[in-house]
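Chain nomenclature is as follows: A, B, C, D, E and F, assigned in order of appearance, with residue numbering initiated at 1 for each chain independently.
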Amino acid sequence: MNVYSLTVRDHVMIAHSFQGQIFGPAQRLHGATYVIDATFSREELDADGLVVDIGLARERLRAVLATWDYRNLDEVAAFQGRNTTTEFLAREVFDRLVEEIRSGGLGEHGRGITRVAVSLKESHLAWATYEGSV
Amino acid sequence: MNVYSLTVRDHVMIAHSFQGQIFGPAQRLHGATYVIDATFSREELDADGLVVDIGLARERLRAVLATWDYRNLDEVAAFQGRNTTTEFLAREVFDRLVEEIRSGGLGEHGRGITRVAVSLKESHLAWATYEGSV
Amino acid sequence: MNVYSLTVRDHVMIAHSFQGQIFGPAQRLHGATYVIDATFSREELDADGLVVDIGLARERLRAVLATWDYRNLDEVAAFQGRNTTTEFLAREVFDRLVEEIRSGGLGEHGRGITRVAVSLKESHLAWATYEGSV
Amino acid sequence: MNVYSLTVRDHVMIAHSFQGQIFGPAQRLHGATYVIDATFSREELDADGLVVDIGLARERLRAVLATWDYRNLDEVAAFQGRNTTTEFLAREVFDRLVEEIRSGGLGEHGRGITRVAVSLKESHLAWATYEGSV
Amino acid sequence: MNVYSLTVRDHVMIAHSFQGQIFGPAQRLHGATYVIDATFSREELDADGLVVDIGLARERLRAVLATWDYRNLDEVAAFQGRNTTTEFLAREVFDRLVEEIRSGGLGEHGRGITRVAVSLKESHLAWATYEGSV
Amino acid sequence: MNVYSLTVRDHVMIAHSFQGQIFGPAQRLHGATYVIDATFSREELDADGLVVDIGLARERLRAVLATWDYRNLDEVAAFQGRNTTTEFLAREVFDRLVEEIRSGGLGEHGRGITRVAVSLKESHLAWATYEGSV
């Protein structure tokens, strides 16, 4: 399969804690800067020669992230009873971007996006990704 | 599928402008430094234990990029009537590297390369990729 | 001397050309993505424990850069007859940020900034800096 | 296919030399810092919301790399008669991490990992990857 | 002045909140991954040809950071009534590393270090530094 | 003091070993990729609006590094009896670049350079710098 993709980067600064002995010191309330790369893919470019309107891509990614930014994820209703691990959060951003694509949030041409990948860097030494079909 | 890949990096500094309201201020003549990563993949290494002769890979990538480097892409004949977006240019480099592979430009062993991916970083916040089979 | 500093990053995408044989192919109209780091320094933090209000720092840096962004610098009136080299542009951003500090654009506390450094990365392989006193 | 992945980074500093004219000056004894990214993938998270216990992932990657670190690879028994190219070494790390997964070295939950990718950066300009199924 | 320096990198993941309207949304409990670079400088190398024993430098930096890592800085006794801004924390690490140097924590040769700089990256877009004499 | 600077990046891949118990496993023959940044500084730009001819800067830095590249530094005559630590090598590159400046290797205008800094990254976690006057 041949495929075009476009990636935009943003970041959030959040607090959270984890439940379970496997998390060791990360069971305590701590935090992270997540540098987030959202990648949109499709087999053919749209009529403007684009994967997606990069302005819309940035704007909708920001809108998704704004609900978490500068917050304690332990207090976010949607995350109650869940460990907000890096891989879990990657999936969350993925799900919301897929909703944006389906609802036209990335424009009419954006409906042609067939796959999305979301990567969250928690440090220069570790990151997680969720990738799937729209 | 199991696969080996090798990536080499180069860059170009170009001017261009875009046609279409969707491009906003990028309709004006502006420019970019594109940091370009070319990735060559295959399922088995060649007799020297290589994906490709890295010296040849660098040389041919440079030859491909030299036709654009320090130029206004609006004046490049092959691009007339096209928006030279980051994703479009990724495909252009891909197509030329595939030609190199087929014509032996990456050496006899280089003919064993089965996939190529080309990524162009336009900034620390955005990049595009084209990936496909040879 | 002991000193605190704070750095914020932004970028611009511009076209330009240079006059003079020393510039070789860069005499042709080409372009660059400049990744710009502005560093503000002072010996003591302000009453809020800050070098400068980071929100204001980003906003004023953006305002300075907006006059160039997505433009051909050869057509900017203030640059007529000058080679807009990376080092020249670093000085330009420096001068404008110093004006911002003096005019209160970085807030009343921002007047305590004593030195500024501006770095422009033209690629992953080369960058220039101008640093001086306010 | 939808997939989660987690990546951890480590590095080694080794000496080696290559056999074969294609390697040019790299036939001489020289060396490299390899920055190594190991990526573990699976379709569903484990009961803790993880791809893999990140602490175990780091520990086992370190154990694999420790057998090479600060050594001359030309003297490593397992590599006799082989060119320890970047792509060859990526495969070696891959094979050992797959063994770890199968033997439970990445924990019981770690047995759910279905794919592994190993990338070795030899410089800011070149890297190699080996990716495959467990 | 001519000077040698050596830098080592580590990181912490912390939660905190700020007091004061100037901080906007950062008044809420949030968090950060701080990537921390500690730079040690001196005019002449020691008898081993070193600025400092890099193993000791890493170990003592880790010991300093361990008191914060995976914690909510709002609950750290030493920080009560202070805004733990990036620039404030850079100074804190600086002060502790200077104590280490003076107390011999960086070895007898380490006493020859004359300046220290500590940089904390809060994201790919912003960082702070404190630099001073020992 | 107000100052302009320009930095260019290159790299070498070398083998070496160290003498002295303080070096632990690095007493064994091992190696490194050194990513090298050479920074040239002056108070006023030359007649072309430059700190230094960037083409000459790259060429002379490459010439300096070529004497080490793809070599075992333990066999370099000039380094006999010395530990080729990262900080020691930074000074070596500095000394050779200062010679280049004085001998006109960086051009007539290059004689106006007043300070040089040389940084060698041995990994993503550690680097050394030597900085001084010409």
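Here is the rule we go by: contacts are C-beta pairs under 8 Å (C-beta built on N, C-alpha and C of every residue); 3 or more make two chains touch, one makes a residue touch a chain.
The shown structure was predicted, so the numbers you read here are calculated from the model rather than taken from an experiment.
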Task = Starting at chain A, figure out the least number of steps needed to reach chain F through touching chains.
result = 2
Key: Partner chains shared by chain A and chain D (touch criterion as defined above)   = B
Ask   = For the homomeric pair chain B and chain D, should the interface be classed as same or different, according to whether the shared residue numbers exceed half of all numbers used?
value = different
Request  = Give the chain pair, either C-F or B-C, that is connected by more C-beta contacts.
outcome  = B-C
Note = Two copies, chain A and chain B, superposed on Cα atoms differ by a rotation in degrees, nearest 5, of 120
Note = Interface copy of A-D among B-C, A-E or A-B, with over half of contact pairs matching by residue number, is A-B
Request  = Express in whole angstrom the distance between the two chain centres, defined as the mean CA positions of chain A and chain C.
outcome  = 31
Ask   = At what distance in angstrom does the C-alpha mean of chain F lie from that of chain E?
value = 27
Inquiry  = Could you pull out the residues of chain E that touch at least 2 other chains?
reply    = 9, 124-125
Message = Tell me the shape of the graph of touching chains, choosing from line, ring, star, complete and other.
response = other
Request  = Please list, in label order, each pair of chains that touches.
outcome  = A-B, A-D, A-E, B-C, B-D, C-E, C-F, D-F, E-F
Parts of chain C lying in touch with chain E, wherever the complex brings them together = 1-9, 45, 48-51, 53-55
Remark   = Within the complex, chain F is touched by chain C residues 20, 22-24, 82-83, 85-88, 90-91, 124-133
Message = Please output the residues of chain F touching chain D within their complex, sorted ascending.
response = 9, 11, 13-16, 25-26, 28-35, 69-72, 122-125
